[in-house]
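Each structure below appears as structure tokens.
Next come two complexes built around chain A: one with chain B, the other with chain C.
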Partner chain A sequence: MSSGFHLVVCGSLVPDPLQTLEPVTGPAGPALKNEMMLPSVLDPWAGHALYEAAHLAESAPDSKVWLVSLGPKARLQQLMMSIAQKVPFELVALDGSAGGFTDPTEVAAVLANAVQGIAGLERDRLLLFGGCASASRDAGATMQMVGERLGITEQFLAVDELTVECDGSLKVLERIEGAQYQISVCAGPPAVLAWATGNLPEPPNNPQVGMVNMRSVMPALQRAQPAPVAAEGVKFLDVTVPRQQRDTRIVRDMPVDEIARELVDWIRG
Partner chain B sequence: MEVTRQSMDVDIVCVGFGPATGGFLTTLARALVDEAGQPVVESRVMPGMPPQVLCYERADDLGFGVSGVVTRARGIRASFPELDPAEIPMAHPVAHEKVLYLQDPIGASRRSTGVNLLDKLVSGGRWLLRYEDHAAELPYTPGFLRKDGGLLLSIGQFNQWVAAQLMGSGLVQLWPGMPVAEPLIENNAVIGVRLVDQGTDRLGNPDAGYLPGMDVRAALTVVGDGPIGPVGRKLDEHFGLPPGHHQRDWAVGMKMLVELPQGCPLEPGTVLHTIGYPEPEIFGYLYVYPGGTASLGIFVPSWLDSPVRNSYRYLQHWMMHPALWRYLRGGRMRSWGAKSLQESGLQGEPYLAGDGYARIGEGSGSTNVLTGSGVDEAWTTGTQLAEGVIELLRAGQPFTRENLEKAYVARRRGSWVEKEGRAAEHARDGFQRGILTGFMGMGLTGLSGGRLNLSGSSRPPHERVPSLVDYYRGQLSPETIEEVRRECTSAGTGLHEQLMERSGWPEIPYDGQLLVSHQDALLMGGKVQAPPGYADHVVFLSSDLCQRCQEKLCIEICSGQAITPGGDGGVPQFDREKCIHCGACVWNCTQARLDDPEHANIEFRAGAGGLHSAEN
Partner chain C sequence: METVLYLTHTESDGSLGKPALEALSAALQLAQELDGAPPLTIGLIGGEVQAAADALAGCGAGRFMGVAGAELAVSRYSSDAAAAAALVEAAQPTLVVAAATSRFSRALPGVCQRVGGRIDTQVTELQVVDTEPRIERWYYRQRMAATLTRSQRPWFLLLAGGAFPAWEGEAGTAEVEAVPVDMPETRTRVVGTQSASADAHTIRPEADLLFVAGAGWTKKQVDGQPHVTEAEQCIREFVDAAQASLGSSKSLVDQGGEGQQVLSFMSHLHQVGQTGTTPRHRKGLATCCHGEEPHVVGWRFITERRAINLDAGCGWGQGKADVLYVADAFDVMTKVNELLGES
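Let's look at the complex of A and B:
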């Protein structure tokens, strides 16, 4: 029997956080102004999950990474141009909303169905990765619900580190309340790991990885099934984006302590 | 130390994804397979498959950091005969077009005797003209300026629209966020490109995660990386320019996308061109998109002989001109950016093809400097190259200089791009002798179809930019200038803000949404950032030359305030995280290289990052 993992990463796109985000109310409920025109990036938490999965796959022979991505097909296509050069994966594309105004239950149902539909996926080798939250769907509950629907009870949230021990067990470093870590060990797959930040930097662009990925990415996008997700029964009372306040000043050779003191004063003020 | 590089073979590699490459790939992709999806021609590197075609784009995503345009769109419509502008976000047919002559409402503009006379004539004849808010509408827009039947486009959105169709075809691969460092040249033939090294420190030395740039070898390298693209510039360094050609004329276009205030009467499709203010040499534009937004901006040309020229500050004064402010007051900046434009047109044309490579788009001298049109021309040169490439692929002929000359260059020479570009070739020469001579020259060229022109010799910046003392003679004393220099160097800023204010320009009344500080424009409008692990792409070659330089125009013109005074007032500092890759530093450096006076002391290399906005 192979010792490799089947790593399924749930992750999609969010508006580039540098953009000017403005909530508006459309016919279908809240939305972001010009959302389809705003550049998108891979959700940062999902990004950590994907890079950790790729790293683990590299170190465990006969492993494979799938990326299950729910978002508007055209935007997913664009996103793939940015991330497909990073790490090897096979895409499972779902054509639906990636906006922040969807119900996590519906999103989880769609994702779980997609995972179940992956041909050749072996449950006893399955590690289900995702972000512990999302920059647009920050309920922090989606991965738990995907796990529940797939009947996976070993669930770890806000993971920062995963070590595969010699006996095949998994040692997981999880963030818990009070700025502390909890170390858990589970016997092995299947498990759900919802990542916080991990330890890996964003990999460099590797054109050869891109060439290989693209052979499967485009067919996957063409096969993408409509995945209607909404927020049936949910009423949005108010929608705002965090307020930004800028105070720009150019300084040179300022001691770090002084910068820190100024920042603290500024925040307090 | 010998670096081991990975290498990859493809059939065609393209550098830069702008309108020219969009035109090239759109035309090429349609011809690579038949109706049944079977390859019409076979890949040399992957037999049985269609040719493997890749395009590398420097910016972090496609369509980042370009701008709004008005275009006749002849070439674009030829590629998309059924084009419905509504398919492209922000696109709209041109509806009304007019030219405004802006007078100086505050008395700070540097107007020559001739321009003052023109101002008096305009004021005296205001009953003949539509005159309002210190601006006169020209009674007649010359045909060569009009874009009848044309389109307003956000080039960012247009590029994304084109890219989506290309990627959807599955026949080409587009890779943003992947700068190309240089062409690979062997025996005077281009055999591909080298991608930029990743995981380096600022000087390019290997650092954490070092990944040497891969060599991508291809039978054909298509160079569409624009006027400051490192591949095009390296080719020019290696092969030189054709005899008599030069690339001395430039402009920096600084622009914004503005959400117009409620109740603004401007209708979608409106096009305003302005001349005369904030300095007579600066042209402006305002295009109204659907949905209450407008793309606007100014062009600061290389013949504005100021040692403190700065586009951002001038853009703010331009917006606040009463003839424009009546529409813009209460508006909000949605995005902002800048770009260098190669204004030499056909006089700056490089060798268009050689063994293994071809040049398309703005960097190939396709911009029409009379009509101020570049996008449609660039697109069309891309389609012309694609038609030639398809011909050669089908005939099984190699991409030699001779074959590309016949299949591409001859096609281009016989087209409207060449015919109109040739007529426009000397349209702007008159600006070398002054603004009024320039206007007269453009008019003469335009009305005579290029048969008559006013002459003027183009000069590199080190021969034409005056010293600060000379520029401000009669306005500011040398002592005052020196005092400002000391203060600004100590504060780490450029000189232009202080010098402009001391010479009569009023302070900008920041409103926090349209009139904001330059730094806030970087954050709010440009969304500028740079990923770690890349070398600095702006390099000051000789520290001696920087030490000697009194003007340091690179600091003043820098569109992102990424170049600031060095600690000792010598070599400036460069902050990659603020650079918006406009490339203005390259052609504003006033220090000629000792061994090559045609080039200056700043090298602009391949770099990642920059603007993160596709609304423009």
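Let's look at the complex of A and C:
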């Protein structure tokens, strides 16, 4: 057997966090105002998963990375313009909603299906990566469900570090309570790792990587199967943006001693 | 008719953590408010579960079920999922309530998939309206809150920490039905734990005050020089004296990866915001942090907010804080430390 990994990363787009988000009620339930027009970014934790996957693939010869992305085709194409320049991967695109108000069970079903459909994917080399939660639905549940559907019961959530040991086992650091990591050792693939921040900075754009990726990205987008996902059985009674605006007292020209006293009183109060 | 199963796991010493007790009070109330629902069933998972069951003996639950064994003394997906699935199969609930601990956040979504249920996480409110259970949960990283209900059962609810009062009550002796489980073969060995950073105990979830340090602490100051060592001392002295919990902006913790000089005790686990945490503290003080939206969404559950920034036009001054002191945080915090030291 070859020593490389088959790294499948599940990740899609979310609205740029600097955008103002406003909920609206559409025919299919809640959605975001101008959702299709909002500038989007790769879901941050899924992005970390992708960079970790590419890094691992680089260090383990004969590895390969796939990115399985569920989102509206046109917006996926836009996202790929930037992501495809970062790290090498093969895209598996699914044409459906990337909105937050979809149900993780439905999303997991289409993702698992897509993973199963990847030609040449070898289960005993499979590391299934994703973010520990999305910045849209923020459920932190999808990856575990995809793993279950694929029958993978070695699963890790909120991973910040993965080390491949000399014997091929995987040492995994997961975030747990109290600013601690749980250290586990998994004998090897297949496993599910839902990543938190990891250890890698965002890779710089590399036009050469972009060119190679785009050769497979465009056909993948053309091939993208419709993947309708919603939240069947869910009745949204209300979606609101909480009042955020505070009546800020802006204190200028107050002597430092006075500010410090005011703060100490407040801290103790 | 709804039936409610409350699932909990023990801590490593066999006790129950605060999040578990919070979820218990929510589950008890839910079972009580659901017309005609039988009393709550409690399902326990752990190395040993009797002591934890005894601690809950006075809560009014109708039934205690447990799965115990050496495999369950640690937190691991395969064994936890098998145990929780066995409890759900045995209790046949329509609603499953549990705390969103790291252990259950990892295991229960898969269990839900296994038993054909649906799951909602990040739940911050539970109500019953005309026999219909409803929840509140947040979307888009605390940007918007939704109230919803759903038709599918079993419906798993993972409750956010700090959103419900912790159950308090009499201990006693509980009769625990042992539920048999076929433990799957596991390929994962739990080795232990380690701190995220040398000073990870600066993260104090129980603290009254969150102290956030932003990237400004490591930037060039009025004299044209950065003062990282001073910043480190000043921040450390303050969080210790005030027993505050230390948080960070993303820019500050990212500096490590970008090779800049950093505060030695900061790790990604300190990061508050969109891709960090959303801690719950009564008060928060932001220093040298610009108060951009991706950071401030992590302050959703901080009630009283103050900030110190040289820039009156920073985000905090635009309705994100109650008070913004336009001042040098080095000067102010040095004085604050002095005052705290005097008393």
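Following the convention adopted for this analysis, the second predicted complex is superposed on the first by the 240 of 269 C-alpha atoms of A that agree within 3 Å, B and C clash if a C-alpha of one lies under 4 Å from a C-alpha of the other, contacts with A are read in each partner's own complex, and residues count from 1 in each chain.
Basically, a contact is a pair of C-beta atoms (placed from the backbone, for glycine too) under 8 Å apart; a residue touches a chain by one contact, two chains touch by 3 or more.
Fair warning: this is a prediction, and the values are worked out from it, not measured in the lab.
Trainee: Counting only touches as set out at the top, which of chain B and chain C does A:174 meet: first, second, both, neither?
Mentor: A:174: touches chain C, not chain B.
Trainee: In the superposed arrangement, does A:4 touch chain B (first), chain C (second), both or neither?
Mentor: So A:4 meets neither chain B nor chain C here.
Trainee: In the superposed arrangement, does chain B or chain C reach more residues of chain A?
Mentor: C
Trainee: In the overlay, answer first, second, both or neither for which of chain B and chain C A:235 touches.
Mentor: Only chain C is touched by A:235; chain B is not.
Trainee: For A:18, is the partner it touches chain B (first), chain C (second), both, or none of the two (neither)?
Mentor: A:18 contacts both chain B and chain C.
Trainee: Counting only touches as set out at the top, which of chain B and chain C does A:88 meet: first, second, both, neither?
Mentor: neither
Trainee: Looking at A:201, would you say it contacts chain B, chain C, both, or neither? Reply first, second, both or neither.
Mentor: It touches chain B and chain C both.
Trainee: Contacts for A:77 in the overlay, against chain B (first) and chain C (second): which applies, first, second, both or neither?
Mentor: first
Trainee: Check the residue A:136 against both partner chains and state whether it touches chain B (first), chain C (second), both, or neither.
Mentor: second
Trainee: Need the overlap of the two footprints on chain A, from chain B and from chain C, as residue ranges.
Mentor: 18, 201, 246, 248, 250-252
Trainee: Where on chain A is chain C touching in the complex?
Mentor: Checking each residue of chain A against chain C gives 14-15, 17-18, 21, 23, 30, 44-45, 100-101, 103-105, 108, 135-142, 144-145, 147-149, 153-158, 160, 171, 173-188, 196-197, 199-201, 233-242, 244-254, 256-257, 259-261, 263-264, 266-267.
Trainee: Hey, which residues of chain C end up touching chain A in the complex?
Mentor: 17, 75-78, 81, 101-103, 105-107, 109-110, 112-114, 118-122, 134, 138-141, 143-152, 184, 186-197, 200-203, 205, 209, 242, 244, 254, 257-258, 267-271, 274-275, 283, 285, 292-294, 297, 300, 304-306, 308, 312, 316-328, 331-332, 335-336, 338-340
Trainee: Would you pull the chain B residues touching chain A in the complex into a rising list?
Mentor: The touching residues are 6, 8, 52, 54, 60-62, 64, 89-90, 157, 160, 163-164, 167-168, 170, 173-178, 195, 198-199, 208-209, 211, 214, 216, 334-335, 491-493, 517, 519-520, 523-524, 527, 529, 531, 533, 564, 567, 612-615.
Trainee: Could you list, by residue number, the parts of chain A that touch chain B in their complex?
Mentor: 16, 18-20, 34, 36-39, 74, 77-78, 81-82, 85, 201-208, 210-211, 214, 218-219, 221-222, 246, 248, 250-252
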